[in-house]
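What follows is a short report on a single structure.
Letters A, B, C and D name the chains as they come in the text, with residue numbers starting at 1 for each one.
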Amino acid sequence: MRVKVYITPRRGVLDPQGRAIEASLKSLGFNDVGPVRMGKYIELEVAAASPAQASAEVRRMCEQLLANTVIEDYRFEVEDA
Amino acid sequence: MSHNPVALPGEPEVNLAQALAHGLSEDEFRLIRNHLGRTPTFTELGVFSVMWSEHCSYKSSRRHLARLPNKGRLVVGGPGENAGALDVGDGWLAVFKIESHNHPSFVEPYQGAATGVGGILRDIFAMGARPVASLNSLKFGSFDNARTRYLLSGVVGGIGGYGNCVGVPTVGGEVMFDAAYDDNILVNAFCLGLARKGELQSARAQGMGNPVLYVGSATGRDGIHGASLLASAEFDASSAHKRPTVQVGDPFTEKLLIEACLEAIKTGAVVALQDMGAAGLTSSSAEMAARGKLGIEINLDQVPLREPNLTPYEMLLSESQERMLIVAQAGREHELQAVFEKWDLHAVVIGRITGDCRWRVSWRGLLVADIPVAALAEQAPAYERPMARAAACTPPVRVVRERPAPAEALRRLLDSPNVGSKRWVYRQYDSIVQSNTVMEPGGDAAVLRIKGTRRALALAVDSNPRACALDPYLGAMAVTLEAARNVACVGARPIGITDCLNYGNPERPEIMWQFARGVDGIRDAALALETPVVSGNVSFYNETQGRAIPPTPTLAMVGMLADLDYCRSQFFRRPGDAILLLRTSAPALAASEYDALFGGGNRLGAIDLHKERELIDLLVTLAEKGLINSAHDVSDGGLAVALAECCFNEAGKFGASVEVGTPELDTVVNLFGEGASSVILSTPSDAAARVVQMATGRGLGCRRIGTVTSDPVLRIDSDIAIEVAELRTIYEQALPGRIQGHG
Amino acid sequence: MKWGVVSFPGSLDDRDTLYALRDVLEQDAELLWHKERDLKNADCVVLPGGFSYGDYLRCGAMARFSPIMESVVSFARRGGLVLGICNGFQILCEARLLPGALTRNRSLSFICERVTVRVENTHTPFTRAAAPHELLRLPIKHGEGLYVASEDELRRIEDRGQVLVRYVDSSGRATEAANPNGSMHSIAGVANESFNVFGLMPHPEHAVEPMLGGEGGLKIFRSIIQSFA
Amino acid sequence: MRVKVYITPRRGVLDPQGRAIEASLKSLGFNDVGPVRMGKYIELEVAAASPAQASAEVRRMCEQLLANTVIEDYRFEVEDA
């Protein structure tokens, strides 16, 4: 099953990359741009019996490794292909 | 296996048109058929096209490079090996080389520069030397060009991103901005390693039947049809189509490779080791076989692949990074495999050494290539290309624009990105890892100690394309001398050179002439200094739509300090010290930064090699005798800038008060001219007379021009009196101001 | 006393740390291999700087799962001294042995330069040889050293004196200009609640010889040595 | 309008981060994990008259700044909120 994981900086945590991108976009003339947040996007495959099982597995991956929950939030989608 | 290699299903037919499309000439195609006694297969054609490319075969430069002196008392290995090696005493060898990664860095600055660093590191540890220091020489277009900032940040980020992650300190370099590089930037990377005497690793295949091992990253489609070919032709509208899959560096894997290879060498089971650089598996296997006058057989089914369905053509031409090829002692491959496993790398046997001098490749039970090894190596074409003195080399008429007052000119010069501090660049490099960096970036040369000894090495890299554009011979000579002087200013005796020769399209007679003159200039200077050229690299086709870069030979000089105590920096150390000016000849505005800003330049001054050599020898002697407290050579911006730089001491806040005016010289030329070999010394006041005497005894101009002051103001004649703090701010802001000023 | 310096794949300053301890401080020190679990009777374990596992994904994220880290964690829980330098600090945060996390520098670029830090608490095994508020010159070299923690967490660690070193200017003031990476509260290094685990971004092992960037780092190592005297 | 941009390494381009994550997940016992690709995820706001106009704008941002099209692919979603 195909999984997409989105990791974003937690609200309140500084996001210097997002801020830098925002500033660059503005300097390029994209004046109508609002707050930019920069995160990570991970695509992976898991072999699982059911989407529910895959979800449980991916949640554990996120908690253990993919995200640092002190500073990051995560969410993911499992696509049953 | 059938006798002749077979065409694979779906492969294009091989004919002249196909050969031309591969960048080979009609003659070369004919030559290939002669070598084989038949038409090559498509796979073989690909193999020839990369092995006979300018980038891999040095076909235009080989004959000229033979003129460079490469012998000497200290030389242990020279051209032909992966890098040069010098005996630096106490049982240590210094192994070093410089290489270009210009074209890839223009296409993708971060990855291009990063993989450039990765490639030069592999050349060094392939010799059994632990890489201990990197330098880089960078040329970008002007800041008026919108792409310059992007290229600069990308290249610097890539060098740091890779170098910092593998734990090799980047200890110095140079950066220049000039519109002449708008469409062709230069990224030259240097690496130096240390090996124990008697423990150099060879890259020469030996022993029929010995297994050939592949280690490192799996092979993907990176760089196929591109990296070497791209560097072997001009950029033009069609370059975009030739664009290969860009190579992405993986410094983490490189770090593991360094450790694993050095450990593998220690087992004694490695017969030959070489990195898979340009033309990857093809060139590494063919070159190792050629050096040993042996043959090699490769089974592509064993090659680790990153993606499925690579064709033999792609596997052979891939330039995936972080891969090495090993010839091992038969029966000991498991020992080596165990070492690589320890470092989480895999080593797989993909072939063996044969006695028949053929390069033979099989895949899925089919023979896909069968070529005499010599045809891929020493019998590759070498050309004596036509040469013609370049018209462009008559000095351009410089319109003299405004002539600011000297104080204002000094400010403007310090604010030039070519003169101002490069801290913005080197701050992004780890320059202290490995705990050897005695002199960090920011001085005339970097100094590295050799642990366990009193010795140290000094490293500097220099180029001067403006002088080379005016006179490719004198310019190349001046560059060599400047590199030697930079090393001597920190107290080291220059001992060896590696050079990276960046030029335009060698098929144009003027370019070929520039190149040949450049080689002569380096040769004459190297002979005078007795500093052999032990390794190097040529980069041609730095040219876009007929517009070539100025001739840019880049010289890296290695110097040796017999004792760390001899080490001197450029900074004034004590108020009351005498300031001395050593000069071999009169400066000139030609090719100076002043000329670039305000005009006025004309022709380069002559060079007296005897005096130059005396100057270098004097500097080393003065340092060894402890007669001087600081030394700084005058380069970009001229004397006034150099004096200011001597005052930019972190620790103390000093100034200088000097009288430099002389009746023979125009003030502007005196203060801002370049070209002459000049060095600013500071000595204890009571030693000044003795130093002047030693210099004049050698026929060198030397006089006391003033005193280091505790008052932090730079005073030059009646022309300049400016607070050092103000000068320093201008100097430090020159680069960041331009980079941040535009987001 | 005995020192153990862990080598992870991608560790870079492991040899430098060993050199500082053995050759400069004449200590009994040895490398510990990440695949092993034996701490070889070390009294103090150092997690060195570098790019463990390439720092891919996040700095220190992968190293914390290596076998040696299981031993380091239980050693720390038993009160053993653990010092994390740069990447080692990042690993200790990822392993939750230290509060907070380290993220991209405010400038987004790698910074290699010398900074001044002020010792904030001298009643710990890592700082006892320093005078209160002593200033130390130490090099930093990192791309991700911006210390972050939640407001609550920050208040707690400040109240308990867990902030051991803070970036300051040459006169000892914690200004924004003197904060090289944008760390919250200018934090350069923190200890755990029981003060036996300490992580800092600056590199004391690169400041142990006058010729190579001064001796500011000796205070940290000497403090630890004194704790065992 | 809220925009989500996904940036991934191009097919064929080496993805050292993805590979390292995969190896790490496996060593943590997630044996059923297949190829992992690591990319970037950017959230931003644009003020635009219509989703079509926003799309055009975001495409230009991606081409000019957000993605390095030599080695990265991008796609994005515009949410009309």
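In this section, a residue touches a chain if its C-beta (ideal position, glycine included) is under 8 Å from a C-beta of that chain, and two chains touch if they have at least 3 such contacts.
The model shown is predicted, which means the values in this text are computed figures rather than measured ones.
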Reference subunit B; chain at largest CA-centroid distance: A
Pair of chains joined by more contacts [C-beta pairs], A-C or B-C: B-C
Mean-CA-position distance for subunit C and subunit B (Å): 36
Chain centre separation (subunit A, subunit C; CA means) in Å: 29
Where subunit A and subunit D are represented by their mean Cα positions, the distance between them in whole Å: 10
Intercentroid distance (Cα basis), subunit B paired with subunit A, Å: 41
Subunit C, residues touching no fewer than two other chains: 53-54, 56-57, 61-62, 65
Where subunit A touches two or more other chains at once, by residue number: 24, 28, 65-66
Per-residue multi-chain contacts in subunit B, two or more chains: 250, 252-253
Footprint of subunit A on subunit C - complex, ascending: 57-58, 61-62, 65, 93-94, 100-101, 103-108, 146, 148-151, 182, 184
Subunit B residues touching subunit C - in the complex, by the definition given at the top: 157, 160-161, 164-167, 250-253, 255-256, 343-344, 426-438, 449, 451, 564
Residue numbers on subunit C that touch subunit D, as the complex places them: 53-54, 56-57, 61-62, 65
Residue ranges of subunit A touching subunit C (in the complex, touch as defined): 12-14, 16-17, 20, 65-66, 68, 70-71
Sites on subunit B touched by subunit D in the complex: 107-108, 110-111, 217, 220-222, 243, 245-250, 252-253, 306-307, 320-321
